[in-house]
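Structure incoming, see below.
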Amino acid sequence: MPRRRTQTLQLLMALGLALFPFFAGDYWLHTGIICLFYIMMASSWNLLAGYTGQVSFAHAAFAGVGAYVSGLAAIHFHLPPLLGALLGMAVAAFLGLLLGVLCIRMGGIYLSLTTLAFSEMLRIIIDNEYEFTRGTMGLSVPFILPVYSKTTAYFLMGAVTVAVLCVIRSIVRSDLGTAFRAVQNDETAAASLGIHVVKVRLAAFVISSTMAGLAGALYGHYHQLITPEILSLNLMFFVLAIAVIGGMGTFVGPIVGAIFLEFLSEYIRIYGQFHVLLFGLIALAVCRFAPQGLMGLWQRRMRALSS
Amino acid sequence: MQDLLLYCTNGLLLGVIYALSALGVSLIVGIMNVINFSHGELYVLAGYFSALFARALGLPVLAGAGLAVAVVFLFGLLVERTLIRNTYGNDMASLIITFVLSIVLQNAYLLIFGPYPQKPPNWVDGSTRLFGLFYYGNQRLAALGAGAVVIAVLFLVVKKTWFGKTVRAVAQDREMAAMVGVNPDGVNMLSFALGCALAAAAGVILAPIFPVTPTVSVGVSLTAFIVVVLGGMGSLGGCVIGGLILGLVQNLGSAYVSSGYKHFFGFFILLLVLTVRPTGLFGRKQL
Amino acid sequence: MAFLEVQNVVKRFGGLVAVAGVSFEIEPGRIVGLIGPNGAGKTTLFNLIAGTFPCDEGAIRFCGEDLTRSRPYHVCRKGIARTFQIARPFHEMTCYENVVVGLIGRDGFRGETEARRRRVEELLEFVGLKDFMHTEARHLNLIQKKLLEIARALATRPKLVLLDEVLGGLNTGEILKALDLIRAIRDRFGVTILWIEHVMGALMQVVERLLVLDRGRLLCEGEPAAVVKDPRVIEAYLGEADD
């Protein structure tokens, strides 16, 4: 795509994003904020899974870490939510580093299993330590801003999402991003060229977990209620399905996937519990017939048109 | 003393079933290098079917159980053919597909069978006094026996039959096996379905004792993964030992430490093994 | 101080002894051939030097440094680059990016600069892939993939390159070009070359020394012309023909 057109498109999207609250009702504003959360989650998971080929099942767990740390800090130490979010992010980064050091050397299936175990252990702890975490009842936490305003919350979430996306984009385009892809393509060859495979993978894991921690903390303070649902495999499934359906290993894929799924789920809400099933079936169909996701289909179409 | 023995007996029973279920995962990992995340859902499916066949169709309960296992076996063939076959060589893709499949199945069960627990009728009634100390349900003893028999049969099949030899050959060296005329696609399909059938066997054996709901599947899968890692990926013997260890640890842990943390112990073992000795207690790939 | 010194290295896989105590030295600036029947342990030896497998016994020293326990990335940063028997380019990356990985591996993440761009172009031009700069590696043919591997290896500014079968599947014209390229690697970049090859006739034209492996042991070494007349070498190859 010509550069000019890309820029125009970006400008239009930014404008649409900025004007959205002024014509969207309260309900759609809420949907928009949730969508921003999923964009952050799926994009950061994609940085790990799509660019370095490591499927982590702890991404939702790291969002939970961010949310609970920030929420508990706000309740017990009266830390302002925005500072709390930074703290939550830092703790997620630290845990990500610890877990990464433990399991990244083995990679592949082992990484998936270890992250799954970590995620479930965390959930069990939060369920059981209800005196501290309120268990499945959920933890009531202060709103993200001193004054309740959905519009301001939307702009805050939007700004953070844009910042996160910018960081991801610059990483993908940097030498580190090239190293990510080299490691995903062929780690033996990458190592033979002087790439420290374990460090590169660890970097991806920690960066991705940190972003999840930030997204989770903001999400928790927006909802004002944090439940163990945030680190459930269900949320993990949504994040994964968004990235898969949008197109893993592409920058735009998770964004498209999040918007697609969030708005689709609004339209099929009348079918209630059907919607997870439907997402699942769509994701399966995409895996089977279009492994590159919607972005892959789009690119193929563009190529067909131009030739 | 009496309590301890009771917990150990419970641990032994669960251990045998854990082993049985984990053998299914291990078989598939060993041969295809695929982790089947929808393992637990197949366990649950068999539980539902055995209840359905026995209660709605009025089949004898054991016949219903056998039929349920057969149906899941067929389902496994279908899943391998339609979803897994395209992903060979790409571990990540099969991981994602089976994970998505597990969520799809959970939600489908919720829709079809509802959220309430369902159980097939007991195979046997009454209880037996064990060690002269406590009474133990006959159904539990029957489950223990059935689990042990299925495991024994599986080992005979893998060690002695033509199928077992073929499977071991493919697990060791795929290209070589293909060169001497083994059809790897066929072996994959068959072993994937067999792995599913083992999950189903565990499901029909335990369902009369622990009724199935759409969400118990998660615990079943995770338990199987823990056992497989503990015993060494792809090692069948390791699975049996790993299953027994986990069954005992979980039961003793939840009795003497905290029942809310029952599953925690398993995950803790998993993290520990992965960190200290990632090849498991008995190394890997020794079918 | 020897340039590369391999001392009594041993590698076992289960019961199989792939490399059974091999020792040799290589002087800088040479092109050295490594030959031997199939299964003699040549590629395993490469993997030991490159750090892909750890040695069970023995030592490997390079420019005075002990690399016996080094991991592959470390070996590379010390100045040993390699290619693979079956080419392993990064398939979903362009040729340009493939070479960049080599530069990153050696120099760290320094970002794109004009100098780096020129360097990548130079290397791709040197192996004759300049026209494919922005082509993804999976679209290359077999020879081009091998050439890309060489460019990528040279990007790490090696002192020693391990080449694993470059000529397999090439026709005569292509072989002649490849031989020129291999000489140029040494002459232009001052790189020492250790080279596994089955195409003996071509190998003999370029190498200045020959090492012969058989069943995990060093059978003999020396002047190429003398080595190929050695009865032990002939026997090893004839033995292979008998199998």
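Labels A, B and C are assigned to the chains in the order they are written; within every chain, residues are numbered from 1.
Rule of thumb we're sticking to: a residue touches a chain if its C-beta (ideal position, glycine included) is under 8 Å from a C-beta of that chain, and two chains touch if they have at least 3 such contacts.
Keep in mind that this is a model prediction, so the values were computed, not measured.
By the document's definition of touch, chain A and chain C have no common neighbour.
With chains reduced to the mean position of their C-alpha atoms, the one farthest from chain B is C. Remark: chain A and chain C have CA centroids separated by 43 Å (rounded to whole angstrom). If you average the CA atoms of chain B and of chain C, the two centres end up 47 Å from each other. The centroid of the Cα atoms in chain A and the matching centroid in chain B are 32 Å apart.
Within the complex, the chain A residues that touch chain C are 174-176, 178-179, 181-182, 185-186, 188-197.
Here chain A touches chain B in the complex through residues 49, 53, 55, 57, 102-103, 106, 108-110, 112-114, 116-118, 120-121, 124-125, 127-128, 233-234, 237, 240-241, 244, 273-274, 276-277, 280-281, 283-284, 287-288, 291, going by the rule given at the top. On the side of chain C, the complex with chain A involves touching residues 50, 52, 71-73, 76-77, 81-82, 84, 88-93, 97, 100-102, 104-106, 109-112, 152-153, 155-156. On the chain B side of its complex with chain A, the touching residues are 29, 33, 35, 82-83, 86, 91-93, 95-97, 99-101, 103-104, 107-108, 110-111, 218, 222, 225-226, 229, 233, 258, 260-261, 263-264, 267-268, 270-271, 274-275, 278.
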